[in-house]
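The first chain written gets the first letter, and so on, giving A, B, C and D; residue counts start at 1 in each chain.
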Amino acid sequence: MVKNIATARNDFPILAQKINDQPLTYLDNAATTQKPQAVIDALVHYYEFDNANIHRGVYTLAERATEQYEGVRQQVAKFIHAESDEVIFTRGTTTSLNWVALGFGAQVLQPGDEIVITVMEHHSNLVPWQQVAQKTGAKLRYVEITADGELDLAQYGELLNAKTKIVAFTHVSNVLGTINPVKKMTEMAHAVGAYVVIDGAQAAGHFPIDMVSLDCDFYAFSGHKIYGPTGIGILYGKRELLTEMQPVEFGGEMINLVTRQKTDFKAAPEKFEAGTMPIAQVIGLGAAIDYIQSIGWSAIEAQERKVTAAAYQLLKDIPGVEIYGPQIGSSRSALVTFNLNGVHPHDVATVLDTQGVAVRAGHHCAQPLMETLGVSSTTRASFGLYNNLTDVKRLAAAVRAAKEFFQV
Amino acid sequence: MVKNIATARNDFPILAQKINDQPLTYLDNAATTQKPQAVIDALVHYYEFDNANIHRGVYTLAERATEQYEGVRQQVAKFIHAESDEVIFTRGTTTSLNWVALGFGAQVLQPGDEIVITVMEHHSNLVPWQQVAQKTGAKLRYVEITADGELDLAQYGELLNAKTKIVAFTHVSNVLGTINPVKKMTEMAHAVGAYVVIDGAQAAGHFPIDMVSLDCDFYAFSGHKIYGPTGIGILYGKRELLTEMQPVEFGGEMINLVTRQKTDFKAAPEKFEAGTMPIAQVIGLGAAIDYIQSIGWSAIEAQERKVTAAAYQLLKDIPGVEIYGPQIGSSRSALVTFNLNGVHPHDVATVLDTQGVAVRAGHHCAQPLMETLGVSSTTRASFGLYNNLTDVKRLAAAVRAAKEFFQV
Amino acid sequence: MSLGNLSDLYRQLILDHAQHPHHRGELANANQTISLNNPTCGDVVNLSVEINDDQIKDIAFSGDGCSISQASASMMTDLVKGQSTAQAKKEIATFLEMLMGNPDEKDVDDLGDAAILATVVKFPARIKCATLAWKALEQAIGEAEKK
Amino acid sequence: MSLGNLSDLYRQLILDHAQHPHHRGELANANQTISLNNPTCGDVVNLSVEINDDQIKDIAFSGDGCSISQASASMMTDLVKGQSTAQAKKEIATFLEMLMGNPDEKDVDDLGDAAILATVVKFPARIKCATLAWKALEQAIGEAEKK
């Protein structure tokens, strides 16, 4: 079924509600997206008809649950242009990245090796590498940003050398909105023989991602940021690297044979999926991917581009508003981060909330980037496929109201 | 609201369906339980009204989500008689146990130290300790079982010594149904200065568990086995030990301050909860605990005792059926594991499925126990609060049908 | 009490093979031995094969499993004993395709008794039981060819 | 456009303190310095206190945060400067109780300007902002008492 983006808002029951007597203007999509009826229905249907533990059962419900669970693995594989056995289910992007760091990074890194990350990383793609660096004696090096909020590719090129073993970077910055040139960065890293890990949390759901074209080694994203349930994440890894990579959790289902003193693991992806997995959440993720595809990428991209450009312009027109990240027209995703001079982001967000406008204020789990930008916190409006120009106008009006209220 | 156990079946929509034209007789509750309407409704309500990322938001939805999430932490704490900051949310029992093994075990174990586990452990409380033993040079030692399927307490006592650093055992065996004397075992372990880790996956939901009375150091269980959603688990740890324990996953939300080369973590429980947590699943777990409490422990225990005793007797009356685990009347939980001589458990389960009876056949993720019992697999019927004598009669009739079909 | 489509799965021929499996045991002069298990249920097949001059001179199996896995191993050994490894590889591919629900009617005829296992497709949880022995043989031939 | 109950949260007195905070800066002769941050939003309070003979001789704060955290720090320093540490500990307890929604009306009167922050209770996401400075002082006194 093809869905129309103009009426997509109606597919999300939560958006019909009023907040503080105002229509809900949900602009915190980079933190988590809302869920369409189809995803909620898939969860309900699973629990009302098919719920059973997977892989282990010989009975009808278990077969149904297993078939649906493995069906979503194939669906995810298609969604990102990969093979099914390259798709691992995790709890979220954070878990995915930790598993790569500990299960792969810690295996291949030697003292003196270098890990390259960027100053725009979310803590989830930063702290795990700090930890692995500490553990292995590898050195953590940072790619800086330019004044425009883009990665400094020249400096990136200089950082890369024969000691670089792992390069990890975000596809899209959750603060600046920058879409990094990940394909080029991957080529450059591969040219010095480094492995490439991409944090796709802010990319998936906004535009198509293609493992064959990117050619990265690992790619991580979360279900809850692409209109799916909480509690489910994805880790893609190239088949031969998943063979090398060690499981981080051990238990039921991931083993071939357990004797008292020794255990033999299954092949990937099963060897990583220990214990009872988030089965209902995987099935909900499948419904979310179906939903995205029923709307279609070109409609989603056009809508988000339009909304982001309008938000950028309307905010820019307010005296005292400072916007971070690349200009409109650059490679930029669906969010606008800003500050209103003289008013703390927390106070801005509180005023906006009284107008029904939900935005995020804070460091956005990117403290090193905040330090680089020379601010302690910012306000961020981030968009999903259901946002429209009305939302953006409400945002701008609410920021103007805040300005008036605080008399700045 | 007080609910009646006699009509509890009606609270679970899935149980109304037919399987292979027969009423569904769901007897695989040790693998995962079904979900009452109240849990499904809580999930739907969350996604339709309150969905937002927690802790980080200044707006109304984020406050609602955070309040509910932290409310369930308090609820879980009360449910197990602990303090809120001793309750960590995880993906499931398997994750909980892995985190204890890696985040605590690997910190305190020295080469030559001993870890004591039992031969009746589920792989999830066995493989993590094998791994940690390997990693730290500690030695893994096993408590054996008696001919009755109970732990050999005398031998357990002999195993314990000054080198014993960690003792990990299951509260209830998922194969034998044995309820272990965990309070006494904990005392004995503490007497030699060892830490005690209990796998409560098969205990929680069947009878009250009390951290103050047990006095164990860590306790793990899963939401999906106590009528809650998949994708959520619990790890209890004594406050002072959670302070020593290291996080295993790193990322957003668990940090105090991140600089480029160093990170400072929050206190427990936050330091363990990296990235976006399974928020909806936590809220569903809260509804499951409410549901259990609305039925009441005494009704649940009485019903499960009655059903288990009936199943034991009806199966025992079938010539050629062999039952494993302690006799009825011993300390025994809500499951019966058996074999029908001459018919492989897989074939038994397939015949039962044609009768709408869902049971599990296999090694139940307990291969060392299977080896000890001298079988390669078994058939298990396991009960929840909604099972009744009709279910048990259907089970016995289906086993008799299998016997007839295979002419054994 | 109706046993539904059970007799579809457990045809008499399958039950016969399961109860009286052919080529059960171990070969004294095997040059390939492979043990495979189905981790889901614990089924184990130990295959011993004598492969010389690209021909399966002799074959036997032991292990433990349900009637489907036992019958399948028995039927397979009947089929491939004496075949060239090339021919056996073709039969394996035909069998695995059949169990994935894409039978090639013409080729399936060549499978002998094993063709009857097509009915297992309707019982997805049992497919791995049916394919275990065949995957073991696939590995054994692969190993032999490496030498 | 209605601004709802905003003026409940941002009373004029709070805005005054936020815009012109009292005791902002660092003390030259502090014997306790504590930095606390609110990891959720990044608010930071650096408190410097001179405690002698169980008395808060002088106090100042710096750092960065929203109007609630700045106003709260300003009001707190007004209140406790010159107090005995015992008295200050009592005020802190009163304040924290008030922010948890359990105000003791009698004691709250002693809080001076800070009593007005009771309205923050209606904005749960802002409670941590209001309590940050008070928790820093609690730690500072705790450290002083250890010596």
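Convention: a contact is a pair of C-beta atoms (placed from the backbone, for glycine too) under 8 Å apart; a residue touches a chain by one contact, two chains touch by 3 or more.
Just so you know, these numbers come straight off a predicted model, no measurement behind them.
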Chain whose Cα centroid lies at the greatest distance from that of chain B: D
Approximately how many whole Å separate the CA-defined centres of chain B and chain D? 45
Taking each chain's centre as the mean of its CA atoms, chain A sits from chain B at a distance in Å of 31
How many angstrom between the C-alpha centroids of chain C and chain B? 37
At least two partner chains per residue is the criterion; list those residues in chain D. 40-41, 125-126
Residues of chain A that touch at least two other chains are 20, 56-59, 62, 255, 257, 346, 350, 361-362, 367
Building nodes from the protein chains and edges from chain pairs that touch, which of line, ring, star, complete or other describes the result? other
Interfacial residue positions of chain A with respect to chain C in the complex: 55-59, 62-63, 66-67, 255-257, 266
Under the touch definition given earlier, write down the residues of chain C that touch chain B in their complex. 1-6, 9-10, 15, 40-44, 64-68, 123, 125-126, 129
Would you mind writing out the residues of chain B in touch with chain C in their complex? 20-21, 343-347, 350-351, 354-355, 361-363, 367, 370, 376-377, 397-398, 401, 405-406
Chain B contacts chain A in the complex at 13-14, 17, 19-20, 24, 26, 28, 31-32, 34-35, 39-40, 43-44, 47-53, 56-62, 91-95, 97-98, 119, 122-128, 130-131, 140, 142, 222, 224, 229-232, 248-253, 255, 257-263, 274-281, 346, 349-350, 352-353, 357-362, 365, 367-368, 371
Chain B contact footprint on chain D (complex, rising order): 37, 39-41, 124-126
